[in-house]
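Chain IDs A, B, C, D and E follow the sequence of writing; residue 1 opens each chain.
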Amino acid sequence: QSSPATKINFTLDWRFEGPSAPFLMALEKGYFLEEGLNVTIDSGNGSAGAVTRVATGAYDMGFADFSALVEYASANADSGIQAVYMLYNQTPAAVFTLKEFGIDTPADLAGKTLAAPVFDAGRKAWPSFAAHNGLAVDSVTWQSVDPAIRETLLARRQVDAITGFYFTSLLNLEARGVSLDEITVMPYADYGVALYGNAIIASEKMLAEQPEAVAGFNRAFNKALLETIADPESAVKYVSKRDPLVNEGLELRRLTLALDAQVVTDETREEGLGAVTLDRLKQSIDEAVESFGLSSTPDAEALFNFAMLPEKSTRILPH
Amino acid sequence: MAFNRRKFMIKNASWMLILLLLLIWEIICVGFKVPEYLFPAPSAVWSAGIARWEPIMMHAWQTFFTTLVGFAIAVVVGLVLGVAVGTYPIVYKALYPLLVGFNSIPKVAFVPVLVVWFGIGTVPAILTAFLISFFPVLVNVATGLATLEPELEDVLRSLGASKLDILRKVGLPRALPYFFASLKVAITLAFVGSVISETVASNMGIGYLMMAASSSMDMALVFAGLIVIGVMGVVMYELFAWMEKRFTRWANRGVNATAV
Amino acid sequence: MAFNRRKFMIKNASWMLILLLLLIWEIICVGFKVPEYLFPAPSAVWSAGIARWEPIMMHAWQTFFTTLVGFAIAVVVGLVLGVAVGTYPIVYKALYPLLVGFNSIPKVAFVPVLVVWFGIGTVPAILTAFLISFFPVLVNVATGLATLEPELEDVLRSLGASKLDILRKVGLPRALPYFFASLKVAITLAFVGSVISETVASNMGIGYLMMAASSSMDMALVFAGLIVIGVMGVVMYELFAWMEKRFTRWANRGVNATAV
Amino acid sequence: MAFVKFEEVSLAYEEGGALAIKDISLSVQQNEFIAVVGPSGCGKSTLMKLVSGLSEPTSGYVYIDGRQIGGPQKCIGMAFQASNLLPWRTTLENVMLPLEIVQPYRSQLRRKRKEFEAMAMELIERVGLKGWEHKYPWELSGGMQQRASICRALIHKPQLLMLDEPFGALDAFTREELWCMLQDLWQEQPFTVILVTHDLREAVFLADTVYVMSKGPGQILVKRDIAIERPRTLAVTYSEPFAAQVHVLREHIGSIRKS
Amino acid sequence: MAFVKFEEVSLAYEEGGALAIKDISLSVQQNEFIAVVGPSGCGKSTLMKLVSGLSEPTSGYVYIDGRQIGGPQKCIGMAFQASNLLPWRTTLENVMLPLEIVQPYRSQLRRKRKEFEAMAMELIERVGLKGWEHKYPWELSGGMQQRASICRALIHKPQLLMLDEPFGALDAFTREELWCMLQDLWQEQPFTVILVTHDLREAVFLADTVYVMSKGPGQILVKRDIAIERPRTLAVTYSEPFAAQVHVLREHIGSIRKS
């Protein structure tokens, strides 16, 4: 292309980890450039922060939990930020506990102590999880701790259970010497919670002034995602290239866990990567509104921009 | 008349400045349409504060209490170590670099360890407040002692006073201005310490409140929390300023006497 | 002989103490089987440090640079405000409570706001380092000026010296011991500030490194990062100690002259 | 016209507190050398502070050169009772201090530093401190500090020199030497001097006029002209008229004490 | 046996630097009153520091009461040349300081505070500071500070009293009054006194023995016994033998200076 590249600065929701591989790959392999985009990618400090960064215009696009977007939109009706590509088809939130505690079903959690940060997606969506599983919302006691502490507390048996992202807490527990077969996991998605997970979001300004750039971003990303799914092992190299500190083996596991559970699902096989169904989107929004105690319910169509998705044919997973 | 007016100005300068700043802040927020989730206007903070007055007060008490306990420990430890460092060259040489190094480390990093040992909540907050705030006390006490005029020390030495006597009768009184200066720094750090610890691991306190509020994007409440901490800091400071005025009048006898 | 031995002891006390502490730490970690994810042994930290030497150094430079810039701004601002507060009662009355309140607030709370204005990375880190570290300088300079002996001031006043002259010729020299004491506190805070900002908003620096390491459960690397910060803090401190020795020999003429 | 003029000056250190000096009126002519004597605590140092503008009178007026004093003056050299040397400066640096402040020296300092240093060294040598110029005040004996402080008061050739017991910590011989030095300087290039002293011989030897103050609150009780011819030599101090003057002053002060 | 004994004592403030005093040998008997005179900077204050154990000799030995000095002593009262009052204490509190340190007062202080305060007040009154006891040092005139410092040296009735130019900032009458007071105290309940002074009349009036020191490095040049009968009155100072003594000392010092 001869026209000067459009600048897009993009914020992740968290550090450079396995699941950031497709973003970094698209950047490194020049897929963004091919779309006429000059993209910079920065690490983030949580989904709420990523939404704020995009909302204030500090960043043009970002990667954040869809529920954080719902929460934001509920308080700022005319914000205009939209999700444009749903990467995590289901919420990665899950409850973790140890087999030895004899907690096998959600009902067993009644009366127990759970640790999680107040902003943890699993903790915030707890009312939804409880409702789907016949638990009273206030039947558990919460301990509020920093993300990195909760697995330690569980590993040292100082709490009965924790909530956390599946692919994060599982690996963290392993790193603390708790093996997979000692753990009971209850992924929210498997227990009736319909929440969507993380999506690519774009600012109102981007969407209004340069929708082509957003669509191009998605095309490039989609291409990289397919390659990542096909060959996670080489994809994760882009992460360690960006941040030499990461432990490649660990991030590969994180990436494959995320891909297997959050990205490759029945729904994405059906609808293609990045897409949502309007019904489930509404359900997801309703659950978020309900769980988080939001005062208004944002309009589903206003929160997800289907027009930015690449051709469906390019988003279909190979079998 | 003019004189009284000036006195009045000086006395109320602080309030007037605060009001002025709040006004500017409000005007900027409204004028530039700064979004509330980024930087809420004072009016929004005010109404959030009023609406949640009771939980805020409850959390504020918790923070106030932990901070004071941590600060009290810091003052004692800072004084003792400061005396040791300011008195014994070998302690100075041995301890000082280590303490400086230790103090360059963000204390948040230790909170997880403290939580594992002491459970979440009050104890880690107290310890963090202590760890973060003892160093300024130590440094200032040590400096106050080391810069003691040998002439004054000689007065005591000529009476055959013990090291401890010298410390009590001239060392510490002479170091008092340094000590009070450090208290002002230390109390603010103590608040920072306990709040930070609370944000990392607690179900109580302003730190927790701010965390909870920011997780539901209620920035007005976050700022209300910040302002409550600020107010508590000022209250403690006024206490020290009052004590300082009482105890170090001799040092503040100059033309700037009213100043510090 | 005995004398030299004592001198040797004093000179190397710091190293010996560090070695001793490392030894105790190692023994406790090994002896009590403290899990590495909680508190890694020095040996583990050491090997983590060696293994990732290059990225650590890269991040360390970033942090060192941002810290120094923020600290330099803090020193200048702290000095200027300290002079204003220590000289003009009205500035003192107006500004001091506000500053104390502001300083009781954890600066992390402002990082997200800074990010919106300046993007993530170096600028918020510099500003955080500045915001966190200017206060001790201010307080100590103001106290040094306010406790200036009026007799010395009179010497200058009798010569018809301007306020600025008095400040330059007696105010500041007299406040130097206070100033240096505050630098020692401020530099450690500046490190804390930049690291904290980096943990929240940066792709670079020791703060980022620690965050990344702790999210991939590499506690040994986290501690290696902490230790690198500590070492940088000590290096800066030694610089100030050297300057202090040069510039405030007059104040440190007592029997504890070697001490601070 | 009087160079220094006091009109009914009183001063209380604390608002509404006891007066330190009370209703003092006096005038000093240009280039006059006056001495003030009086019992300890009578307000002599206070008087000095008033002249130099370091204190403001509670009531009354002080004029220098016809203008009312509204703050520190620029043409003054003062040696304080306690030497008040700056501890972070060496003797030489302390002596040089006025040259860094007072015009025209101040603006010439950069260019003429060598020259000014030579000037300072000459003074330092004259008071017998040669070899101590690079010592810090705390390395000097009491008398040496006092001499350094005298140099500091003289270095910038002030129009008005104020000496508050400048020779109190010196032995008789050094003291007499400095008397002569001071008189020589004053005669070479006259300036106005106000000298506070307890040594009546000193007052009589040096001054044109001696004022005797009452005990606190200080008032001027006696003004006495010393009409001994200049230049006065140390020999004069053993002369009869000299002894008589001293004796009269002594009597005055003695009678104050009894009152 | 001598109460204070110097054996070939020298002192250099800096290692290997110039000597402040050189090869001083002297001995002071129990309850003897000696005076030390000499030119400014000759090492008189240094000598005092050696006796009180504040400085250690570079060579030679100092004994008090037969024991070699190895640090500050417990039976000493010292008035420094610069008064060195603690600025955070009032006059009374400054005067009471030794009672908080020295036994047996220290352990009785709590019980007998009132009594001790009365003691201090009596002294304060005697030096003419009544009414100033609750003032801080910086609210006192130079001479008042000096008097407060004398009280502080006397309050605990030390066995050995050391006075470093204690009356330098006082007018002649106050000074003479304090001479008499000191002599009275000393005669009521004898103690050993070492007095440094520049006032030869003072030395002759008060001392049993006067030592004359040479200029720096200080050495003892002359030891002169003053055989004037006690108690001495101020009238004695106008007598012929007194004047003769003063004159002789003056000659000695004069000749030192010329050398």
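Operating definition for what follows: a residue touches a chain if its C-beta (ideal position, glycine included) is under 8 Å from a C-beta of that chain, and two chains touch if they have at least 3 such contacts.
None of the values given here were measured: they were computed from a predicted structure.
*Asks:* Could you name all chains that are in contact with chain B and with chain E at the same time?
*Replies:* none
*Asks:* Need the graph distance between chain C and chain D over the touch network, please.
*Replies:* The fewest steps needed to get from chain C to chain D is 1.
*Asks:* Starting from the defined contact criterion, work out which chains touch chain A and chain D both, please.
*Replies:* Common neighbours, chain A/chain D: C.
*Asks:* Where the centre means the average of the CA atoms, what chain is farthest from chain D?
*Replies:* The chain farthest from chain D, judged by C-alpha centres, is A.
*Asks:* Using the touch rule from the top, point out the two chains with the most contacting C-beta pairs.
*Replies:* Greatest count of contact pairs is found between chains B-C.
*Asks:* Let me have the rounded angstrom distance from the C-alpha centre of chain D over to the C-alpha centre of chain E, please.
*Replies:* One centre to the other, that is 28 Å.
*Asks:* Please work out the Cα centroid separation of chain A and chain B, and write it as a whole number of Å.
*Replies:* The computed centroid separation for chain A versus chain B comes out at 40 Å.
*Asks:* Distance between chain B and chain D based on Cα centroids, please, to the nearest Å.
*Replies:* Spacing between the chain centres: roughly 49 Å.
*Asks:* Chain E: which residues touch two or more other chains?
*Replies:* Within chain E, residues 82, 138 contact more than one other chain.
*Asks:* Which residues does chain B have that touch at least 2 chains other than itself?
*Replies:* Chain B, residues with two or more chain partners: 38, 112, 116, 150-151, 199, 248, 251, 253.
*Asks:* Send over the residues of chain A in touch with two or more other chains.
*Replies:* 52, 56, 148, 152
*Asks:* Can you identify all of the chain pairs that touch?
*Replies:* Once each pair is checked, the touching ones are A-B, A-C, B-C, B-E, C-D, D-E.
*Asks:* Report the residues of chain B in contact with chain A in the complex, numbered from low to high.
*Replies:* 35, 37-38, 111-112, 115-116, 119-120, 199-203, 208, 211-212, 214-217
*Asks:* Sort out for me which residues of chain C touch chain D in the complex.
*Replies:* Interface residues on the chain C side: 151-152, 154-161, 165, 169-170, 173-174, 176, 248, 250-251, 253.
*Asks:* Which positions of chain E touch chain B when the two form their complex?
*Replies:* 49, 52-54, 72-76, 78, 80, 82, 84, 86-88, 97-98, 100-102, 136, 138, 156
*Asks:* Which positions of chain A touch chain C when the two form their complex?
*Replies:* 9, 11, 14-17, 42-43, 45, 49, 52-53, 56-58, 147-148, 152, 155, 168, 171-172, 175-177, 243-247, 250-251
*Asks:* Taking the complex as given, what residues does chain A use to touch chain B?
*Replies:* These residues of chain A touch chain B: 48, 52, 55-56, 71-72, 75-76, 117-119, 124, 142-146, 148-149, 152-153, 156, 158, 292-293.
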